[in-house]
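One chain, chain A, appears in both complexes that follow, with chain B as partner in the first and chain C in the second.
This part shows the complex of A and B:
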């Protein structure tokens, strides 16, 4: 009985995980067989057999390798996939990852300076460069940061480490701690209720942390023998690049290039935008308190910045052109906005900025217009923060010299991250139409290097990637939004289980539970497979991460509600989802707690 | 020329740092295990690192300082309340540790005997 259950669950998992990665059914079958082979060998570990397994893997690597180097036509994906040997799940087999012999591209030796040049030392580029070296390639990694209009610049590591996830999460934490101090009084701590943040102390703590990460990154590159070149690269032809260094120009040739240059914030095309506005590139190292701030843009970056600025005691206002959190589930997005509004962050809806001018008193006068009523308005601010989107950094690359075509300001790639030019690939935020997230970039970069130099043919699976918006009340999700589920499966094919909940810790300090809400978007009939999970509440990222693995493994509503919760937590609310939207029943909990 | 200083114990170390940090030149500090009467350290990685670091010192900028700190005996270091562990500026976890005073550059353990990394540390301009 249990075996049957395991089998059926396994096959669901299997189809879900690999259908998008491998285009060929025959490859899928051989992986399945390999998985069994692998596990049966693993059970012999005590009998001194692992060596044999390593040898076997090396052989299959070589096979895969010869298939790949013979093929230069990046469009011929199905062919490669079908013919190559199946991979041995390198992500859970460190032996395979690091112990096999270098698998160099023999043809390139002597002709080019490097086997691989990675352009961009961010999450994608560093992961790709390091993995390529581990697999025997000779690699250089270029990184260069153009200063912002107000002169902010930073070190190696890319957006996430320097001006993205890391400083954002630290400032979010600073803001949550302030909130916690206020709650502490209700829990019996004698605290001075006039606590004040010290912006310059916060900035210097955050920047010190970033600088040590920059240092550790440089050490890691040196240790792993990736040549780090602090220069701005542009193509001369498809195998040649000129890097502008402090010391002058340097010409670099390579068999293969990986473009991982990422993106930077956009500025709106209005008077005063560049002169007086700043972006998230500047905020985390700003040398003065931001004060009363206009945040223009209601994507996740705008909302997160407004959220922590409010928590730190500044007065942010969010200006929204059309919708909040485009691309996210819109019911959840509106709840996020309402939860921020409840905390005293005003939203200027359907409004676009017209101009920014600096007044004699140093304040910034922003004129704006309501796009629906045409009504114009103005207000003064200490800081104007543009969070109106990000653009890919294709401009300086001279891609036309290499023949690489761009799409808008991004690069389109196939399922193997190949551009239209056979020896040039792209990963990370620069590629078109994929989630702009560090863990996506890291895994895609690593898998690309393994395919190029490690004989692997495993592809990046960009579906069902979990993510979190670190607003004061956090929002995390994985899988489909309700709208997308309805679009794909029809309104009659989708069941939404939802509920409001009351975190135990919220009662004593009497925190608002009005927006603590979660839902599971699922298949309406049959197994009721879960298409998407959405959670608004404390520590959302920590709550959703594990459920993301469950969803990728083919989670069903039945499994979810038969999972015993951990009490008292907020994550357990997912196991208590019983009310469907279709039933029309009240999703608010009747009493305080079980 | 790099100016070399040798200090022993936390008090001497603190006093020396107070004196040196008023200047504008980089200060590199090596923390290693104390030596017995034969000049042998109880800490094997410190023994391994010392010649590599002293050799690489020629790469350090002119007029920069190098402070060799004898942390003390093994039992003193192994105490989790050892002041070298507790001080927010040193916050030592491993011996040896080589760092640039009040800057992000830091190497510890086996990495202190990696010539390439030690040279990088002394030459680093960021």
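This part shows the complex of A and C:
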């Protein structure tokens, strides 16, 4: 197609808008071939407005403008291809068609390069970008990974795919399989009990999987016509960003921005932390065995990592500053810690690290202090893993140029994920005060795109989000913790049903059932609406997922205990709950079925 | 010429690829788009080396790493690996996906002919290869 003719026929504004299209060759044809599903793009089907169809996908009313193009359009071939071929046709009144441009002025994208630029190619960003394109927007997605201090980096997909949920679950599975092999002997299998894990094979398998997900993500972005820009973006003003690419800087303008930059692990402010310690960013691709590991931090990241390291035969120790699993039901949190302790993972309670130094033999010497007793101690480790929290990546964005305010290192948004600047939104881990979970980010990102470009009014519901901690004995929950329910409804307004249980499969290998426990936190009166469910046991995520939907539908204790359980499972224990905490009765069952 | 040990050529750049295709003359070119992290690709690797020997002089086998040569992967619309192409005189005769050795072999036999020692006139003419074509048609389902 004759690009020069195309450009010359258009107004100056139009050329500027399309400048970025024609520099990225394949995007030009993809724009022209783009199919819009949004019903407001009826003009396409009317066949006589090829130029209106391209890219101006705002909900502007096109009807009023149809009359003046009728005569000129009769000579048009019509359809997508016509827009490209049209400038070469000698008989059409190009001048009138292109000079008039009424819809271009009406479209809110105006003279910007894109309708939407999403900053961050992770769970939130990708979901938002893809949904926006499906609703007719022209979208670019920026993604960039700053290497860790030891040089680790990864491809597109964000934290979950590369250094979060996915590799975590795979390593957790690897460690559970190691356990299972030992249990198999009790079930009659002739297994060599001396099995050993091969760390480098595990890492290689995990990384191969991650790379395949990176690939599929890239292909998906291409297929969905989202322009992927591998660069670090920062704001120049509220409609302009500059992206630092490998090949130089690129300025990008957009009507709307969505900030979805997520977070990265924190390093403590002590000597040797950055030089000698690693984080979850590095662990899943570590090119040597972790060995004896100090895990500093007892949030879910620290506990999950310590859990699978133990299962793989390494010796982790967990250093806890104050409480375990902050933000979670504390009774359950302590049961999780006890179950890990029972497996031989020591916890250094009320302890903070003071410094890390490297010894001549290559091992790391960590000095620490017990904050209660003031006693100091030290020990040597092969690896020190910081799991002391994650910070939002606001610092590189130059948010002040856009006027966006931050709170601590996160961005505060309203119920529509809007920041204090009208055309800038934020979604995912970067926002303040919401669960940092992939499914939350994905759904919130999608709903935001639907509100922006699909005419939807639906807002994200952040309440009653189910979650799972993948420690060796897993903990899953949905709804309120016991302490939050009591805070909201008063101790007298809450009834807690609880019980220990014994999974059938645990008997033969004599696996400990000591911490297999669940509870339902409910309204005390009437049908007893369930406020929260908590489960500690095998495949906790699988058990709780269905109950999350039940809770959202208004599950009551009455319904729960009248639901017939599936036997033998562990999930059925929820239907067998009968003992309340208030009764003081022993929640430990005598036997399985009666 | 590829060295005696490894006959499958690893493409170094888009220019390198275009040169090989351009200079192939009457030889067929079997192209495999692969990835270092793709298990099935690793499985079929040895068979491709074997075939490079079996078809020496009649067919060149190339490997393209999709992570190193994204441009080429996009140009050929590669979505999964391994994807194979058979090219002759710069024209793509066929493109198919999957680490299935039989499928690769039957496609090569269909377009290039049987391996060394079992020569037929041309795949399209010989009666025997019609039977091969029938089988490959079924394979494609």
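Assume the second predicted complex is superposed on the first by the 482 of 594 C-alpha atoms of A that agree within 3 Å, B and C clash if a C-alpha of one lies under 4 Å from a C-alpha of the other, contacts with A are read in each partner's own complex, and residues count from 1 in each chain.
Assume a residue touches a chain if its C-beta (ideal position, glycine included) is under 8 Å from a C-beta of that chain, and two chains touch if they have at least 3 such contacts.
Please read these numbers as outputs of a predicted model, since none were measured by experiment.
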After lining both complexes up on chain A, report clash or fit for chain B versus chain C. clash
Examine A:195 and indicate which partner it touches, taking first as chain B and second as chain C; both and neither are also allowed. neither
Is A:185 touching anything from chain B or chain C once the two structures are fitted on A? First, second, both or neither. neither
Chain B versus chain C as contact partner of A:208, first or second or both or neither: both
Which partner does A:585 reach: the first (chain B), the second (chain C), both, or neither? neither
Looking at A:549, would you say it contacts chain B, chain C, both, or neither? Reply first, second, both or neither. neither
Is A:508 contacted by the first partner chain B, the second partner chain C, both or neither? neither
Where on chain A do the contacts with chain B and the contacts with chain C coincide? 208, 211-212, 215, 218-219, 222-223
Which part of chain A faces chain C closely enough to touch in the complex? 26, 207-209, 211-212, 215, 218-219, 222-223
Help me check something: in the complex, which residues belonging to chain C touch chain A? 35-39, 66-67, 70, 74, 79
Along chain B, where are the residues that touch chain A in the complex? 103-107, 111, 114, 116-117, 120, 124, 126
Can you list the chain A residues touching chain B in their complex? 155, 208, 211-212, 214-215, 218-219, 222-223
